[in-house]
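Each in structure tokens, the structures are laid out below.
Okay, so chain A shows up in both of these, paired with chain B first and chain C after.
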Partner chain A sequence: MTLFTVAWRYLQGRFVTSVLTIVGVGLGVSLIIATFLLTRGIREGFIEGATDYGLIVGAKGSPTQLVLNVIFRMDAPMPNIPFRAYEDLQHDPRVEVAVPVAMGDAYQGFRYVATTDAYFAPFSGRRRAPALSAGRFFRSDVPEQPTYEAVLGADVARRTGLKLEDRFFEGEEMAAYPLTVVGVLRATGTADDRAIFISLASYWEMNELSRRAMVKPLTAVLIRPKRLSDLAALHRGWNVAPDIQAAFPTAVLLNIFNLLSLVEDVLLVVLGAVVIVVGLYLFVTMYNATFERRREIATMRALGARRSTILGIVLLESCALATLGGLAGILGGHGGAYLGAALLAARGGPPTHALAVNALQPVTFGAVIVLGALAGLLPAVLAYRTEVAENLAPL
Partner chain B sequence: MRHSDRRRRIPARPLQWPGAALALLVALAGLPLVPPALGQEIPRLTFAQLGDSMRANFGLTQGILAFSGREVEIQGFIIPAGPPDLSFFLLSRVSGTGNYCCELPSGQDETVYVYVAKGISIRYDPVRVYRIRGMFEAGHQADRSYGVSFFRVRNAHVEEAVGARIFKEEKGR
Partner chain C sequence: MIPAGPAVTLRGVRKSFPLAEGRQLQVLDVEHLELAAASCTVIQGRSGSGKTTLLNLIAGVSLPTAGAIVVRETVITTLPEPQRDRFRAEQIGYVFQTFNLLPAFSALENVMLAMLFGRAVPRRQQRARATALLGRLGLGARLAHKPAQLSRGEQQRVAIARALANNPPLILADEPCASLDAATAREVLAVFLAVCREEGNTLLIVSHDEAVLGAGDRLLDMAEINARAGAGA
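And then the complex of A and B:
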């Protein structure tokens, strides 16, 4: 009979306690894994979904709100800016690409994004331009003759079940302006997957106020400069205006990351406490188990078992509990992260890449086994030092 | 018998290993204090030097071109014009945000395109001055992702420059 078999039999002998210990360790590890996967996933989701445009021009107010709304389709839309701002930017010699964007209401929770075909066009330095998986892009219509054509993001098509040529609207007042699906985009892993793209002309005609307005409204203009070194001057130029602001999307994201890292610091302290609790729980379990079987240990010693054998059995038990708890925790942590990411997505949060496998899993697994060994060390030493004569005395 | 065996296994000079380990630790701790190129100080470039080096038709002075291919140090504000992991950004004499009252934004002549070395983590603060060290390149160049530039620092290491002064020095002061 090997040392491992003896240790395993001991664990089976106190089945309920062993299972509860494994569940306890597993829960602690799950919490650690899920927290790391989600916080890192949110950060990577923001990076993945970041725009390739260097500047966003919108109404005066919070740059964070502007970027979150226009790029990530989160938060409330900013007030409108006049279409003239777009025309000025289009004629600015420093600007290579200017894309007008107007944020509308939503269909089943998916926002309408009104823009031009420039939104889908590739340009120098663009990591990926939106591409079609079916159909075509909407036509560039004139304001007086909107076509009410819509291009769906991949998630919208999947979750609403809308197909090419389907007509849809939401709300009685929109019944007069049904949109027709003419295209579906390929999945990009960005907020574009959760948007319904329509032309500006359709958007203006669907909105009662803009229909009558002489000055057509926009939410923002996305800018790619010819030279990056002109970004600062463009940013300054628009920010000194009384009613319009310009924001660096990357700067806004970095400020969000700075806030996230504060939260991560707090979480690290909490997770540190979880590690201590898990370690103590393992220690108490092993200590009690060793204490209860002093007589058995003394018998084994009397039958010729060496002190090192007893030490090894107790350490193996502790490590086995930690290993099984660690494995359960890693699986549970991935499940928790998956649920968290789904919950975030359902609430309109950023796309979260929460199931990445990297150094986190093996490092955590190794650390749990080391923790198990450390927690079992004192009980193992107590078992090692068990006096035969003292513990074999008649009861 | 056992005792004698154990005694025989004990090394003759047991303090050798701890002593050697301690010496190794001290040597490793002292490594960052050794300059990267022995006997050579890293030259520090200023935005005034960069601005003064510009000539007609994308030309640059021989003085600034002499730094090309060498490791240099430059201090300035970060303008996050690239991806949010800050693997690339612009370094400018003037902060990208704020300072609306007193400084005009800088242009091509006072902007350095910084390509950060792998594994460097930067905490972005728009009003903080950063010290950049890396391989300097001068000359007109068009990059597919980031467009035209005159001054670049590649494989850059970035740190906050506490108490740094980077304002352009007026001539005659």
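And then the complex of A and C:
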């Protein structure tokens, strides 16, 4: 028998209280872990999904909405811009790469992104170009002869179960334009995982408005300048146009991060309150347990237990509760973060890398054990000071 | 081997408790008391005569206001508290009137608990010794039972096994049969005395129970031992 056995038996002896305390601590820790994982996951998701393009040209309106819509596939869709804007940019000597993007309907909630093969091409300064895990990219078809080929993002393939050569459409009105899966992208951890890529020709033919009006609408053009110093001039030049704006993705991201920081500050205050509540809950549990156990403590002292031994037993109990609560909380927190990330993804939220293991888990775990020790300290001192002779008789 | 000197010696031991207005209530005043090694002494006395206080002082659970208590050549009244605790764990067994078993622990664990606080029994032998003791006391089939699952007589036998766990030279018993019916009291007392005699323990029982009074080698009256108590209040 060891001191830990003694502490453990006491925890078993008040099983319901112990389990409730562990659940209480676990819930608090879950909340902390899930909140940190999600807020940091959202931030990292934005960073990971950030584009390598320096400028986005789209319809006049909110630059944040333009970036969220085009890069992260969030927020409300933007109005269209004419194909001429893309042609002008293509011929602009300051532009190295210009990629047209048109976004429209969705299949099972996954947005169609019409573009050219330039979208998948590597270029100088690009961190990672989308790569295929199966099949091939769609053909660069001519406007008059769309091929209706689709390349699926990794999440789309996984969630819809679509495979190479499968044909699909959503809604009766689209039955005349079934798409065929020709490729599946590798997972990138970005919004591309949740997109269905098709050619512009296919998109325009599938879009009733463009079919009737013989127009070629685009949502945006992604720009990579030849020199960084040209960015400001390009930005200024396109923003004087009446219906078109140019937005810096990095500036929008900074705004989003500033907003996230504010949210994180508020959450920190809430989590601070959670820590206090968890600590108080542990303290009350241990205080009551120690108070009700004065006679047993006196008996152990009469059997030869030192005051420090009694102190150690109470602290071990408190730390064991905190440890089990901490472990449950870390597991629960990851579960909560996973569910939260899935919920965000299902609602078109930002890509979230919520299950990263790093210093958060060990630091939180250590902090919970320290909290357990602190919460058990006063009850332990109460036990330490228990007078033997006074408490040996039945209370 | 039984040591030549007395197992316990009390010299000029007084115990008083503070009252209001700076007065003192003296509950114990023992001029001289010796217990022979390997003997069984029974001290009788009415309730409130200071019997439990006397046991607590000999056990080192509380300290006398004055005087010296020597247990097997160790003056326990001058020992620092941690050493007194260690001394008590290894040299003294204590049997309580209401057993004082720990309800969350099995019979076996209650006995092993006493060994945790001293170094008298090596850790690897603790389970075997506790099992053997409980077996000798007729509880071989009750090792895993919690106190609530045992009869009162069985509970007191577990308490006796716990007092014997570290094979202490001195065992103190405070009204060991007061919570038991007459038949169970006789049965438990017989087992208790038999085991102590076999082990060669010095036994001091305080009781006002008729069944216990004739059980020892020596019967003392608390009124005589504590003749001067209350005089100095």
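To be clear about the criterion, the second predicted complex is superposed on the first by the 388 of 395 C-alpha atoms of A that agree within 3 Å, B and C clash if a C-alpha of one lies under 4 Å from a C-alpha of the other, contacts with A are read in each partner's own complex, and residues count from 1 in each chain.
Convention: a residue touches a chain if its C-beta (ideal position, glycine included) is under 8 Å from a C-beta of that chain, and two chains touch if they have at least 3 such contacts.
This is a predicted model, so every value here is computed, not measured.
For the composite obtained by overlaying on chain A, chain B and chain C can both be accommodated side by side without a clash. By the touch criterion stated above, A:Ile276 is placed in contact with neither chain B nor chain C. With chain A as the common frame, chain A serves as the apex of an angle whose CA-centre rays point to chain B and chain C; its value is 100 degrees, to a multiple of 10.
By the touch criterion defined above, A:Thr309 reaches chain C but does not reach chain B.
After overlaying the two complexes on the shared chain, residue contacts for A:Phe46 are found with chain B alone; chain C is out of touch.
By the document's definition of touching, of the two partners only chain C reaches A:Arg301; chain B does not.
Once the two complexes are laid over each other on the shared chain, residue contacts for A:Val388 go to chain C alone; chain B is not touched.
In the superposed model, A:Val6 makes contact with chain C only, not with chain B. By the touch criterion defined above, A:Leu231 reaches chain B but does not reach chain C.
Residue contacts after overlaying the shared chain place A:Leu259 against neither chain B nor chain C.
For the three-chain overlay built from the shared chain A, the minimum Cα spacing from chain B to chain C equals 7 Å. Residues 53, 56, 59, 61-62, 81-82, 85-86, 88-90, 92, 94, 96, 98, 100, 102-105, 109, 112-118, 126, 162, 166 of chain C are the ones that touch chain A when the two sit in their complex. In the complex of the two chains, the chain B residues touching chain A come out as 79-86, 90, 92, 94, 96-97, 100, 104-108, 111, 113, 123-124, 126, 144-149. Residues of chain A that touch chain B in their complex: 46-47, 50, 54, 124-125, 225-233, 235-236, 239-240, 248, 250-251, 253-255, 257-258, 261. Residue ranges of chain A in contact with chain C, taken from their complex: 1-3, 5-6, 9-10, 12-14, 295-296, 299-309, 388-389, 392-394.
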